[in-house]
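One chain, chain A, links the two complexes that follow: it is found with chain B in the first and with chain C in the second.
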Partner chain A sequence: MNQVVAIAVNTFKETIRDRVLAVIVVFALLMIVGGLWLGSISLGEQGRMMKDFGLVAVTLFGLVVAVFIAAGLVHKEVEKRTVFVLFSKPVGRAAFIAGKFVGLCATMAVVLAGMGVFLFLLVWAVAGEASGMLLVAVLMVYVQLLAIMAVTIFFSTLGSAILASVLGICVFVAGQLSHNVLALTRLGQNAVTEALSWVVYVVIPNLAAVDVKAGAVGESTLAWGEVAVWTGYLLAYVVVVLALAALVFRRKEF
Partner chain B sequence: MTGQSALRIAGLHKAVHVGFRRRRVDILRGVDLEVAGNDVFGLLGPNGAGKTTTVKVALGLMRPTSGSVELGVPGVSHVGYLPENPYFYDYLSGREFLGFCARLFGLGAERRRERVEALLREVGLQDAAGVHLRKYSKGMLQRVGIAQALVNDPELVLLDEPMTGLDPVGRVEVKRIIQGLQERGKTVLFNSHILSDVHELCTRVAIMREGRVAWSGTVDEALDEAATLEEFFMRTVTA
Partner chain C sequence: MLRRVVAALVVLACAAGVVAYQATRPSRAPASPRVFVPSPRFFQDFSPSFRTSIADLYYLQMVQYYGEHVSGDGRLDSLPEMTTLVTALSPRFTRAYLFSAFALIDAGRADAAYELLKRGFAANPGDWRFPAYLGFFAYRYGAGEEKDLAAARWYEKAAAIPGSPDYLPRLAAALLAKGGEQGKAVLMLGQAYLAGDKYAREKAVKGLECILPTEKEARMRALAPLYETMPRADADALVAELFREYVQ
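So, the complex of A and B:
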């Protein structure tokens, strides 16, 4: 446990002190401000547009940051040979993976909280009022990204960092759609395709189920019980995927 | 720990598979090695002989293909290790890095602070303690590396080329550290190409060649057979 905390703190320092991260975040904030201009050309709907656009910007930039950091986390330690220091000390491979993930979670929390609060204040300043739902929506983006970070770390133990980033983004996209795929194949009533889509459904995290963006901008009402259940599912998914990553990583030699 | 062995390696083989065709490369071909407790042991051999690999397998960083490794200490938490050409987190300061290492051993905050300051003093890095490792020179990194190897006050210390990159003052200091470890009852095994240091510090040496131990014995035994350690080394590795 001590080791997990130590590695998590170290990973947090490593990622938060990264200049590339700062650049991406500043860029994201500029995009959110850009939404202001978009809002101003869509008459009457200014607040809605800003929220819509802002949440998409938060999601996309959050995704980019999460995937690229997660993909390189393990590789960096191997390439720079800092694994020698870690694994010659009483540090287990599973503790290493867990520590890396927790540290990244902390960094992503800072990044998303920063972007979320910025968006909230901007909406508030421009529209005169802002709903807390906006912040809840950002929180649910964070939950989705947790699953993507875990899956990207898993891929990075199998292959290169670039491959892991690409696959991480693919899983994100698929996770937005996996709900629909199942619904569609059910309509088709073909046993084989339905079985296949069930496999996809289990392997790919169902991210759309915790997406509350539509609720946040007032388009639809939300079933909170369902969102909570799916959040629990995603957290379990994270644990399983990280355990698999640790299993793969245990076989590695340095 | 005097008397009993601190590290015993028997019949150690290590093969790796490299490249697209998974070509098999035999790095170690039957290494036998015994390091007695409280000894300072020199592991010698030409480049590529397998010294670093032997140490890595002993630590569990690599798995043996066959053969056995027995540590004379309860586990890796009683071992210290300085990797070859050490490289550490460059976004941490020397003090932060050593604190991190101490934390991996579960030391509490108070003990951690004391230990880190003592180590910084021991390797002469007090003045650079707050500087990021990215800005350290080669010899300074080597010093931090030695400090992190000692953070848990280990019984068995494995140092892979501890003198490399150090200035004359640094070399004298590291020699003093190694002697100090022996005086405190610890066991040290180190790789080196600097035979004068080996002569000065070690009681026993092993000379590796092509993945095996070609010769092992005391420094005195070697000097009975040749005028200098250098001459003996040359003879052993070219025989």
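So, the complex of A and C:
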């Protein structure tokens, strides 16, 4: 446990030093300019537009940061040979993967909290709406990104950092289309393709099961039970993927 | 030194060229009134988590499209499809319905505007503006002798929604009376009297004065149903006001 915490703290410091917080500043500038512009063209729907596009920006900025940092975490250690120093001490490979993931979780929490709180304050100041649902939606985006980070770390144990980044983004896109895969499964006339579609459906994370953005703009009423089950599902998914990553990393020879 | 100056001049000349090229482009020709609008199904299937954001984007495009064509060629050919797309992706986006309904009137599609508002009301049953506008559209653009009653029924529905303004029951009552349903009109004005402030009560009494018979017995009979829909004290107060002239 101590090993995981030590690696996590180190990873957090390392990623924060990568000027990753600059993303929050870029996001803030984008939202201020975008918010003012939207106010002039949306016929009084400034609040809704800022919330909606703000959440899309939080998701996309978060995705880019999460994927690119996660892809480099393990790979960088191997490339710089620092991993040898680490493994010469009594540090397990599973603890290494877990520590890296927890450290990145902390970094992403800071990044998303920064963007979320700024968006909340901006919407409050400009449109006069103190929307708590906005913060809930940012929290849900964070949970989605945890799954993507775990998947990207898993891919980074298999191949290069670039490949892991690309595959991480592909999984995010595929995760949005999960229900379509299920539809394909049901349409399948062939037992083999049907079984294959079912496997794909189970393997990719279901990121679109609950529409948190729609909940934040008042489009749909979120069923809290459903949200809790979905969050539990994604966290369980993270555990499984990290266990697989640890398994692959354990068999890796340097 | 000379090389640096030359290099700087080359960069400046290039920058001037870039700006000059863009600044001298002719302004964009008016866009076609027929634009490609994808099916809502496409976005519902392929971007379920981003559907409200896509609805917002198309709403902004719809506003631009309307602004560009309404004062130009007056053709709003693709407006109905855009409206369908936005409201299908975001059924509770009330502004989109209301804006589109009036834009569709400009496009000469009162029927489509009416249907759109009906869809909007089905998706937002707690918003009194939908039945109120439906009443207005039925009255303004409807045809035949039944249009007053159709409008009155929408106003009745709007008046029944909590938070709706005081004038709606009066409006409904006036149209009911015009359509020949005096009995219902009396009840609506009774509700207006019950729910309103001093000004609204005065208006309700004036409205009743216009539709009630002048003969005392007939007036009493016409007012009798009010005791079934109003608290007795309020009904007594209203009847007293309506019979003030008779007492004097």
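Heads up, the rule we're going with is that the second predicted complex is superposed on the first by the 224 of 254 C-alpha atoms of A that agree within 3 Å, B and C clash if a C-alpha of one lies under 4 Å from a C-alpha of the other, contacts with A are read in each partner's own complex, and residues count from 1 in each chain.
The criterion applied here is as follows: contacts are C-beta pairs under 8 Å (C-beta built on N, C-alpha and C of every residue); 3 or more make two chains touch, one makes a residue touch a chain.
Keep in mind that this is a model prediction, so the values were computed, not measured.
S.K.: If we overlay the two complexes on their shared chain A, which of chain B and chain C does A:R17 touch? Say first, second, both or neither.
M.R.: first
S.K.: Looking at the overlay, what does A:N2 touch: chain B (first), chain C (second), both, or neither?
M.R.: Touch status of A:N2: first partner only.
S.K.: Examine A:L177 and indicate which partner it touches, taking first as chain B and second as chain C; both and neither are also allowed.
M.R.: second
S.K.: Using the superposition on chain A described above, determine whether A:F84 touches chain B (first), chain C (second), both, or neither.
M.R.: first
S.K.: Mind working out whether A:L207 is in touch with chain B, chain C, both or neither, as first, second, both or neither?
M.R.: Only chain C; A:L207 stays clear of chain B.
S.K.: Of the two partner chains, chain B (first) and chain C (second), which one does A:L60 touch, if any: first, second, both, or neither?
M.R.: After superposing on A, A:L60 lies clear of both chain B and chain C.
S.K.: Which positions of chain A sit in both the chain B and the chain C interface?
M.R.: Touching chain B and chain C on chain A: no residues.
S.K.: So in the complex, which bits of chain A are touching chain B?
M.R.: On the chain A side, the touching residues are 2-3, 5-7, 9-10, 13-14, 17-18, 80-91, 253-254.
S.K.: Can you tell me which positions in chain A touch chain C when the two form their complex?
M.R.: By the definition above, chain A touches chain C via 38, 41-45, 48-49, 52-53, 55-56, 176-177, 179-180, 207-208, 211-214, 217-220.
S.K.: In the complex of these two chains, what residues of chain B are touching chain A?
M.R.: Residues of chain B touching chain A: 16, 56, 59-63, 75-77, 79, 81, 83, 85-89, 91-92, 96, 100-101, 103-106, 148, 152.
S.K.: So in the complex, the part of chain C that touches chain A is made up of which residues?
M.R.: So the residues of chain C touching chain A come out as 45-53, 56, 59-60, 63-64, 90-93, 95, 99.
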